[in-house]
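As written, the chain order gives the labels A, B and C, with residue 1 at the start of each chain.
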Amino acid sequence: MTSGVTNARNERIFKKTSDQISSETARVLETLRSRADYTREFDYFLELAESGMTPEAAETRTGLTTIKLLCVQAPLELIHAAGFHPFKVFCGSNAACNLASRGLPALACPMLRSVIGAAKLAQSSSESPWVLPTTCDWVVKFPEMLAISDVAGEPDSIRVHWLELPHLKDRDDGQRRWIEEIYNFKKFLTSDGRRIKRAALAESVAIYRRAWQALVRLSDLRREGRLSSIWFMLMTGVFFCDSPQNWTTAAERAANSQMTPALRGAKVFLAGSPIFFPNFKIPFLLEEAGLEVVSDDLCSSERIFPGSVACGDESEFGLMSAMSQSYHQGCVCPTFIDNDRRINNILGRMKGAGFKGVVFHVLKGCHPYDLESFGIETKLKDRGLKFIRLETDYSGEDSRNLNTRLEAFRQTIRED
Amino acid sequence: MSVAVGLDLGSTSIKTIFVKGDRAIWRGVAPTAPGQENVARSLINDGLSACGLTRGDISAVASTGYGKKLFPSADRYIDEISANAAGAFKMSGRQARTIVNIGGQDLKVLFLGSDGRVEDFRMNDKCAAGTGRFFELVARLLDTPLSGFDRLYEAASGDVEINSTCVVFAESEIVSLMARGIKKEDIAGALYASVARRIAGLLGSSSEGGAIYIDGGPAQNRALANALEDELMTEVRVLEAPQYTVAYGATMMLEGGD
Amino acid sequence: MKVRNIRSVTQHLGFLILMYGGRFGVRLGSALPCFACPFVPGCGGYCYLMGLQGYIGFGMGALTGVGLMTALSWFALFVFLVAMLGKLWCGWICPFGLVQDWLSALRGKLGVRERQITQRMKRRMAMVKYGLLAYIAILPPLATLGFLHEDFYLPFCDICPGKSLLPLFAGETRYLALNFDNGVSLGFSIALLVITGIMLVGMFFKDRFFCIFCPLLALIHILKPLTALRLFKLPEACTGCGTCRRVCPMDIEDVYRQRTSPDVQTDECLDCAKCAESCPADGAIGLKFLKFKLFLSSRSYAADSRKKS
């Protein structure tokens, strides 16, 4: 009897949340479609966003079993070469986040809460395994959070393959252990008897290289002010929803098309915690305040995959080690201990584009980014650059407060 | 005769100032209520009739504050931080380098360069601790109008502390202090000390030398400046008509501009 | 045109001119800072190491008739060539370097893994080239002065795999045969065969294996203060991705490790600039001639220039 009532109640809550998610998505999509700089070339990306950004949808689209990922350290090329579709699970829905909030620590990462909320709603959850690199504490505890939230039974009933991430990336022993992890990962991927041939690996490397080339072209267009950051973030945001080849083709088509120039504003670099569709609160607020993001280092955007699997050695081992290194050493995730060179990426990107402000987005509960922002602030200010930290979550209640700050920030970086 | 009108549509109250040259000739305030535009219009009309002016005498209207866009006929919209900086810099005789603004719902710290431009600023996020709301709440609890707080503060012993930085928790803390028979004066003292701590936290270690200037509605009480002086061990000056600095600054930014 | 294409063109041109140029009247002299092997019939110029051992260098050519001024002039030319192009001679011109690159390409085609040499081991091996320089400085004078058999006159050439392998491209196989003239020549020809065998294996399994030991590289490095052409790094632009180290044929770590100084022109560096080409950080690695920047890394370039498989 009681459980019947609970179920009925849950059903109502789920129904309401689903509706909220749909309307969140619809609202953002409508805003995007009605923008002055919308062109038909963006339709592919809008449609991907519209048709549900879930591993199930990606499975239908690619015809491949997905491997569900969090973070950006699992080599996509290896997964692809094994005949799976790598899908980085993310969610930017505030409603989904709220749904999962009950029963989870108040400061739990909003992104993971949102993912868990979405998983709660999913009727038929994909059976595909999770591959989780041990980046931050929230990711490490993710299966436990899934269990607490009744998405899964016991934490060990969830199929997870861990990639134990050596947090010292600059040291040879750290890199050795990581390569070992990648070989273990290969074993995991091939546990059903399938094989990963060198040629397949080389082909996957080439496929993602082409995707990266397209990504770099888009980021160059953004830097030149010919592509709005909002569109750039949409395009990178849906990267995992389709095969990398299809995405690349669409991205190349968009890059080749005559785009309406982006809305011009004061140029800034966006750093910090990732931003996921449909939670485009920060990008919209930045635009509203007259700030134009011309480069970023978000793992949801420019850093969505490292793309630089370059090596002198084309053998299988050469590819494997090049891959593992670019996903490890090449990553500037703040969960690394020796991450002091991250600032150089920001400075390097700024130098080329001649802008002088950094907006640092901290998702509440994202402690590594929060902590690292202080050191970066000092270093940037020492160089006479302007810095603003925006600590926020998925809810829109602080929009006016953020707007006030951003407008004032724009004044501080305005050209005389 | 041409006057510039500064409108500051804040979260708690709407401030209006008439400025001729760089001198304020009229000031008016009204609580924020639905239909801000009408409230602002009637404030402007009040000012016009008080000064014996007509609508045609208004050269331009600058709108600032959270609700600045709610006054659609303004000639210019200015973000409140820049407006605050401009106003405080002018009012302080180009002396201010560090400004603390205590608003209805937020707390801002501004750092200015020697040319009066905002070098850096900080702002509280979602929390209303230390803001005007906090004072209003305590005034209600102590059943004393805010204007009487200066007198209470002077008589405070300084032995009582409010530890909560959260407005909501501070409320229950104050209630329990009252239940223990602690005097109003001591509670007021504790209140100011707690707000001063909060401001000091926002200021961090980066306040440069020189006096700190405070403005915003709650700064009208000298007690806050005194408490802040005790906390920071630096001179704290209250700007003249502190509630209107932002509106005044907005008019300063009418000429020139983006 | 991409840097790697230009490099390939200069390498092949270098190979053609230095290996076959003599047949068309090209004579580039005896002071070339690369393996333009004099034992190749019809070559277009001579490797300076030969002259250095013989008639214009430590072989006391100056004392035995050629004249001090002539020796010094050749030396001056060598220094000039090094000062102008630095190690471009190694990465962009040297015919033996190209032969090694062919072997690496073959290994790549076969999908054979490149063997790793630990950094520590490599540092030890790299000392050999300075040993060889000393060997070149000591033995020829002793031979000239009669303390050693006269066949010690070109002691480096006699063990140089360039001498055994490069002439093959001109159809000359005789340096792979044993030389029974006398004990010394037999000893040298056996040593050359053994070294050639080891080097062939080494060069197949490891990029530019011979360059680790090359005394000419050591000599060019000693002249580093005079060189106008340099590889440089702006450490404040480096994001530490490690790509430079991965693509380096010499597996040099210093470019990756360097965090303070712009000087990354280490003794093993060949100035091939592969690191700069593939560096995805804007303005982190470059090649310069004096103050003039010839190339500067950028993400766009790195993305664009990646090989298409």
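One rule holds in what follows: a residue touches a chain if its C-beta (ideal position, glycine included) is under 8 Å from a C-beta of that chain, and two chains touch if they have at least 3 such contacts.
If you're wondering where the values come from, they're calculated on a predicted model, not measured in any experiment.
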item: Geometric centre: closest chain by C-alpha means; value: A
item: Chain pair bearing the highest count of C-beta contacts; value: A-C
item: Farthest chain (mean CA position) relative to subunit C; value: B
item: Computed distance of Cα centres, subunit B from subunit A, in Å; value: 40
item: Distance from the mean Cα position of subunit C to that of subunit A, given in whole angstrom; value: 46
item: Whole-Å separation of chain centres (CA-atom averages), subunit B against subunit C; value: 73
item: Subunit B, residues touching no fewer than two other chains; value: none
item: In the complex with subunit A, residue positions of subunit C that touch it; value: 104, 107-108, 111-114, 207, 235-243, 246-249, 274, 278, 280-284, 298-300, 302-304, 306, 308-309
item: List of subunit A residues in touch with subunit C within their complex; value: 169-170, 198, 202-203, 205-206, 209, 212-213, 215-217, 219-220, 306-308, 310-318, 321-322, 325-326, 329-330, 332, 341-342, 344-345, 347-349, 351-352
item: Subunit A-touching residues of subunit B, taken from the complex the two chains share; value: 66, 79-82, 106, 117-121, 123, 125-126, 258
item: Of all residues in subunit A, those that touch subunit B in their complex; value: 381, 386, 391-392, 397-398, 400-401, 404-405, 407-408, 410-412, 414
